[in-house]
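Here chain A shows up in two complexes: once beside chain B, once beside chain C.
Showing the complex of A and B:
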């Protein structure tokens, strides 16, 4: 695996179906739907970013509006330099596959991610490699998460599609898979397809 | 458990009494304010009376005319604020390992160019015999309870002095402590001299000496900040102004008179903050005063505690400063302006102190986790863990 791809954060919570990672820099969050990986080349996990949040480090300390007399947003942080140390950005992911013996398997792994493991962005090559099959779409469709499934799937497909010079064959393939998965739920299919039009 | 329905009625009675006392308080406040701005009272005469009288109450030393109110200056464009706060887990006599923990919150906030922040929480576990007791060689005093509080205050000041040493030499800075600069706890007769010497002369005062040395070669000031102060040493100056005797001697002249019936009780029930709330405009500071408390007169030397009151948006705060800040116009102005700025950034309380408090605070859960960690670590080393039946009964609340 390409170890020089961007390190996005560190796992702070993990379960069979997903994990949460904290970013090292405030707001340095990976986009919704992007493919990330954690672990090493023999037992790495692949996951899709499904939710992100920036909030106070301590539970119970909520940010308050501070910019009434400030000229711009940057000045708020200048005038209150402790803020950047007291906020954190976190993103949550859905695990959509894992590596085993050199192959990529698009179903849940036997073990969850380890706490404090690093999370990396997948490169375009890794993304194309992963996107050869569409088993991950079923996982995303059935996930119980805050973000609406059609938004997440559309975002994932848009980003994966962008790793191709011509995204259309990929998106058409994905669309066909979705049609077979969604069966008679024509409304949902339409909602997703409209959001992934190149 | 607390039966709130039984307390509710008592709270109602308390409020009734407060309301009834309000009218008298208002009259006393008007009398006090009139005196404060009365130009007929000669400042030097009053100052002399204050220094010569023997009172049963603490009277502030006078430095500037009573009715002074000083607007804040401008703040520098680049400056730093350092602050510390602390909390502790006291010795638990029901626990197997004898120890206590002091948790210090240290904050440095840099404003202007190179803005930045450093927030740290530093726990110190004390289990060594030299920490658990203060010793004179022949006598020992156990460190716990109120004495642990005082030791913690000394540690807070020590950390502040350490942080001050790391500040760039040319950057204006204010070091802030929460609460009073006066270690009131040591002024009672409760503690032997060797304890006072260890904690005050060799402890707190030594930290102030170090701060002074640093402040002599850089634009650094030190102050403490007391929110919602209950002190009355300035109102007590007005008592002296009312007192009909040329030199007051409370025991001699009024020792037989009931409290409430003395001439000076015309201003009783008023606190300094009530006085200055009416006198000062928002952002202004009052006149400077000196603390005449015994411990300051006897032990603080060149750090003699001066104080002033400052009016913020929502309250009056008391600011205490060592004499070397009070008598230096630049440092005094810096203290006034920067504290006001900190309160504006901190929604009414100095932002740096708020953050230091957050870093220092030890929650109930933290305390339980700490005690559990001690127990687990002892068990790992196969050490005997004894605890009391009382502690066990508190932990397992059986029916």
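Showing the complex of A and C:
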């Protein structure tokens, strides 16, 4: 791996199908649909960011509006430097595969992620490695999450496609896999294809 | 199977209706045509079949209501071959087993179908060669399977064991095909041919639709073919060297011959009956005697005593008048044509009987039936004798007739000798080559007895039905037959071929093609050398 992957945060909640991570910096969230990983180049999990939230540290305590007398939004944080410590950004992911002894396997891992595992954004190289097969699309398609599956899949493919000089062959391959998965649901397939068209 | 031309996978099907093959996304429906051969690699054996239908299908029918935008090549590329795909219907015909025993036995007719997801590809030339064999001393190259380089060879000794038919609309290439087949028989089947050549196009030369002259049998095989002609003047005008001018005596005509002409001469049933009575009364010279009966008391009494009604008699007399006006008809002929035909045939010479200007169907039916009846009875006697004495039977005889529906229509098929030959087939070593453009007019009993049928384009529903009657996978072949090109494409199926095959006949008419047909001749230099050696 030539590029060093950016560390995004730490796992604070984990289950078999996904995990939630907290960002080190407020609003330093990975984009929706981006591929992240835990572990190293031999063992670890791959996940797709499916949801993100920024809220106060204490569950019962809502933030209040503070900018009435400030000229711009930036100034609110300058006047209240504690804010960036009282708020936190978290993102949830769907586990779409794992790496075992260096091999990438596109099905759920035997164990969930560990709490406090570091979460890294995947590099273009890792993303290409992972995108050689399309088994992950079925996991995304069947996930029970708030984000609509077609939006999430389209976002994932757009981001993964961006790691190629010419994304068309990759997108065509993924599109064909989706076409066979969504053989009975042309409406959904069409919606995704509209969103990933290069 | 040729790996480069993989088409798709077997996804469903049945033995009776053929298997459905889903096309791979790489293969385009536009490149596969009905009539092509495909090889299916089953788990333990290989199947050979023919594409009989091509269809477009979609996994979700909503796609047909809201197809992607025509400019959207991205979606189109993804959807084609996945959600929207091509389906082929393949009728399997032959199976080639995987074990060594099966290799020795060769291809066998199918009794099952390939399993799910067997890969399907276009048949390679070697697959086709395995089925139809290579060109050798028995197999004759008649053409190439559609879109293929392989030679399609027919086993001619096998072919002539049964009566065969060549069908097709007018102008589809029946005559060219027949000429090719006749040449093949001449070279490879050890049979002799008798061709009733209504339009004088098999003997000396014929012409193509473009008006170009093409050589016929006698020009290509001068020593093996003799031309008989009914019309000396016509033959002379065309500068055709004839071997015999056929004349027929009134006394050679039997009442049975008249019965066959009932329709063309517009005779009543009673008039035909009268022929038999008159033949009995007058003996061999019945026609001459009948024509000599004038109106008068004596005649009236004669007719009365024979219980022939006056109107029937007039009808018959009109009919006889038509026949006797044909200039090749003479009261008595010393050299009977039938004896000469038989003599030539027995010497192994093929006989083409040209009708010259007598292209009228009456002359054709009369002469063809008359000659064939005698020849057939001679053949029967000889074969029976050979059987009894355990000697060699006469060489197989193939009689070629055109406009066959006139001889073999349901009304007369039971009476004519051609009906008998078609039905009794090879018992007496005598078979028919039937050429016709309206196969529906031929008696179904006769059609069912034809061993191998070669058919060019037919578009009348009845004709297609009658040609394909009784063959397995009829509906599938119907599609193939109806989609043949209007020229130079044909479908062959039946006894002499292991499976039906659509093919384009080999070229005929160019100088190179003649060279291919005639065996390599010795060069003049070699001839000189041979002569020198002879004198030494």
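Operating definition for what follows: the second predicted complex is superposed on the first by the 194 of 198 C-alpha atoms of A that agree within 3 Å, B and C clash if a C-alpha of one lies under 4 Å from a C-alpha of the other, contacts with A are read in each partner's own complex, and residues count from 1 in each chain.
The rule we apply is simple: contacts are C-beta pairs under 8 Å (C-beta built on N, C-alpha and C of every residue); 3 or more make two chains touch, one makes a residue touch a chain.
What you see is a predicted model; the values in this text were computed from it and never measured.
On the superposed chain A, the two partners chain B and chain C both fit, without a clash.
Of the two partner chains placed by the overlay, only chain B lies in contact with A:58; chain C stays clear of it. By the touch criterion defined above, A:184 lies against chain C but remains apart from chain B after alignment on the C-alpha atoms of chain A. When the two complexes are overlaid on their common chain A, residue A:197 makes contact with chain C while staying clear of chain B.
The partner that reaches more residues of chain A, of the two candidates chain B and chain C, is C. The vertex angle at chain A, taken between the C-alpha centres of chain B and chain C once both structures are aligned on chain A, is 160 degrees to the nearest 10. Once the two complexes are laid over each other on the shared chain, residue contacts for A:168 go to chain C alone; chain B is not touched.
Contacts of A:80 after superposition on the shared chain: chain B is touched, whereas chain C is not. Of the two partner chains placed by the overlay, neither chain B nor chain C lies in contact with A:149. Remark: least CA distance from chain B to chain C after fitting both complexes onto chain A is 52 Å.
Those residues of chain A that touch chain B in the complex are listed here as 58, 61, 64, 77-86.
Across the interface of their complex, chain C is touched by residues 168, 171-172, 175-176, 178-180, 182-187, 189-190, 193-194, 197-198 of chain A.
If you check the complex, the residues on chain C that touch chain A are 25, 59-60, 62-63, 66, 68, 72, 74-75, 77-79, 81-83. In the complex of the two chains, the chain B residues touching chain A come out as 107, 109-111, 115-119, 345, 347, 351, 355, 358.
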